[in-house]
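Labels run A, B and C following the written order; every chain starts at residue 1.
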Amino acid sequence: MNGIVKERLIFATLGIPMLFCLLAFIWIVGTLLTGIGTVNWKLLTTSVLKGGIFEMIIGTMYLLLGAAGIAGPIGVLAAVYLVEYAPSGKLTRMLDQSINNLAGVPSVVIGLFGYTFFCRQLSLGVSLAAGWLTLALMMLPIVIRGTEEAIKMVPASFKEAALALGATRWRAVSSTTLSASMPGIVTSVILGMARVAGETAAILFTACVSVTRGLPRSPFEPVMALSYNLFVQIVALGTPAQRVFGIALVLFSIVASLAIFAIILRTHYRRKQPWLR
Amino acid sequence: MSRLIDRGLEQLSKLLFKMGDLAEKAVSLSFDCYLEGRDVNQRVQILSETLVLLNEEVEKKAIELIARYQPVAHDLRTIISYIKIAYDLSRVGRYAWDITFVYKRLDVKKEECEFPRIQPEKACKKVLEMVRTSMKAVKKHNVELAKKLAVMENDVDEMYYGYIDKLLEQPATTKCIISNLLFIRHLERIADHACYIGESVVYLTKGERISLR
Amino acid sequence: MHVSDDTKIDIQNLNVWFFDNHVLNDISLKIKQNAVTAIMGPSGCGKTTFIRAINRMNELIRGNKTTGEVYINGHNIYDEDIDLYELRRRVGMVFQKPNPFPKSIYDNVAFGPKIHKMAKGKELDKIVERSLKEAALWDEVKDRLHESAFSLSGGQQQRLCIARALAVKPEIILMDEPCSALDPTATAKIETLMRKLSDNYTVVIVTHNLQQAARVSDFTAFLYMGKLVEYGDTESVFENPQSKLTEKYIMGKFG
């Protein structure tokens, strides 16, 4: 067969799986959209005690922001260490590998660890704080890898120029490489948040309860979350499908918004990074 | 490995060696004119004018090589030296013509103004040899040959002053005095230019500036 | 102490290895003050390693081992008690590809003085202006100091990098093939600048462009396979080099 036909065939062969993904995505969204009838402003702003989901939305936000607040700084510093300071050798390789391992731990296992260590050992009980720490563990690999990538994309020439001017290592890295990679870092934190927004198993026994009176007044109180609530609705309460899909749609929208926001940020800041072109 | 400039240098050398041949011929003919009275003025004139044109060509080529290739070290010294040598050769041609011209203009017959009791043949032979040696030195970039010219130049100088002394002693017609004086003067200048050529060869090969006179 | 009347940098028996690779082999030479010295040689001969030994930037590369002494103002810069950051302030460097920081023009030039705590506020403004003037860039950027450095052309960016280096008042300026990424017009501007700078600074440039070395420098050193083959004033080296190897190289007879 001639070249052109062959090319077309290959294109089709590669394109079909892509098509499947797209179709699957559309089907999921379509299914979720069947619940759109139940989603309205009233639902979003009414307290759970009166049939709304307000505290769950806020609870999810609290969890995400807190986790980001912990995983962000730790992750960035860890990434800077790995890229700029770590001497090459067995120890560093082990460190690197352990980050990969952490990323591969099933979320329920992390939840179990969180329960045992944060809730029991550190006596935090089922609380927002425990949720933060547990989710932070899950976010950490994403933030570290994302930051590493962002740092590596910045040309080393900036750092070199700073060093040649007499800057100390840290000064050179922070004022050039780090500040230039900030957009990439922020993006990876947001993506990390999007990733853990839907986590259920991790917060199952570390942070959440199905119903509580109002929002947590301190980090040591438990919290309600959308993902956990979905679990409860489906398994325990037998809520009608429409309503469940409605809540799922809300969660999905939050995650999608975060992801889209991250992409917009990244595109916007690409302008200021001409070395990427 | 052959470089871009090598082709240009070869062309330049060819021009120069051609000039050398023509200059040798002109000098040889002019001596024939003087020693044997042959009427070669026309031919020598043509040779001299050709040499002037070739000198211009050498200059042009050299300037082209400098502008294009920014030569350095040996290449640079070679090109500069060739410009000077081309000029010296054109002067040699010119003096050769002057010699034949004097004879034609003053209509000197061979026996009429012979140098009494001196041997102009020796001088002529020496100077011709100098011209030949200098061109050999250029062709081979040989410093020893160039340095030989210093010795030969000494001999020619001695002869030159010897003739002048003798001329002062001898009674002779004004015509003869003028023609003989002009002849040996042109001879001495040809010898000088052969020396200049030798000096250029030394500069070209070793980068030293010396005087062979 | 090794201080001669007009020697600024006295290099003695400099050897540099990267792991097992012996890049610079026993180099000794004296670089004169307030002159332009060009270091030339074929690719891989060690020229960049050589100038990076003068501001100790080789130490940033893994596997580096350096022996020998480099005396600047009578002090060996490889001594234990040398302040590395002060050294790099006094020995500025301009790189092959212009590398201004992704900041404004002003912030680029002000970076050095800031980290060395040399000035603030109005004083800093003065330093920035002075440096940009010295680098022959002031007139072109004085109305847009707060624009990004990337809005400048390649030649302007390189002059900005020079201004940046000048802002910390160095004594020596090292330039690693500063014009190789620039067009002929920009190159000519930088070459003129180099000559002007040598009135007040000691300039050492690395170049593989022989004509540039001939045009711009007062002294020329020829490095080959890590060894110093010849070093002398530029006129002599280019008219009548001492070493046959040098002659071969500058006449283009290598390879």
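We adopt the following convention: a contact is a pair of C-beta atoms (placed from the backbone, for glycine too) under 8 Å apart; a residue touches a chain by one contact, two chains touch by 3 or more.
Treat the numbers as computed from the prediction; the structure is a model and nothing was measured.
Q: Comparing chain centres built from Cα atoms against the global Cα centre, which chain wins on proximity?
A: Looking at where each chain's C-alpha mean falls, the closest to the middle is C.
Q: Which chain's mean C-alpha position is the greatest distance from chain C's?
A: Result for max centroid distance from chain C is chain B.
Q: Looking only at C-beta pair counts, which chain-chain interface has the most contacts?
A: Highest contact count among chain pairs: A-C.
Q: Which whole number of Å gives the spacing of the CA centres of chain A and chain C?
A: Roughly 47 Å, centre to centre.
Q: So what's the Cα centroid distance for chain A and chain B, whole Å?
A: Chain centres of chain A and chain B, defined by C-alpha means, are spaced 93 Å apart.
Q: Quick one: chain B and chain C, Cα centre-to-centre, how many Å?
A: Averaging C-alpha atoms per chain gives centres 52 Å apart.
Q: Could you list, by residue number, the parts of chain A that touch chain C in their complex?
A: 88, 155, 157-158, 160-168, 171, 175-176, 179-180, 272-275
Q: Going by the contact rule set out above, which residues of chain C touch chain B in the complex?
A: Contacts found on chain C: 210-211, 214, 238-241, 246-247, 250-255.
Q: Once bound in the complex, which stretches of chain B touch chain C?
A: 1, 3, 5, 70-77, 206-207
Q: Hey, which residues of chain C end up touching chain A in the complex?
A: Chain C residues touching chain A: 55, 57, 60, 62, 85-89, 92-93, 95, 97, 99-102, 111-112, 115-116, 148, 150, 161, 164-165, 168.
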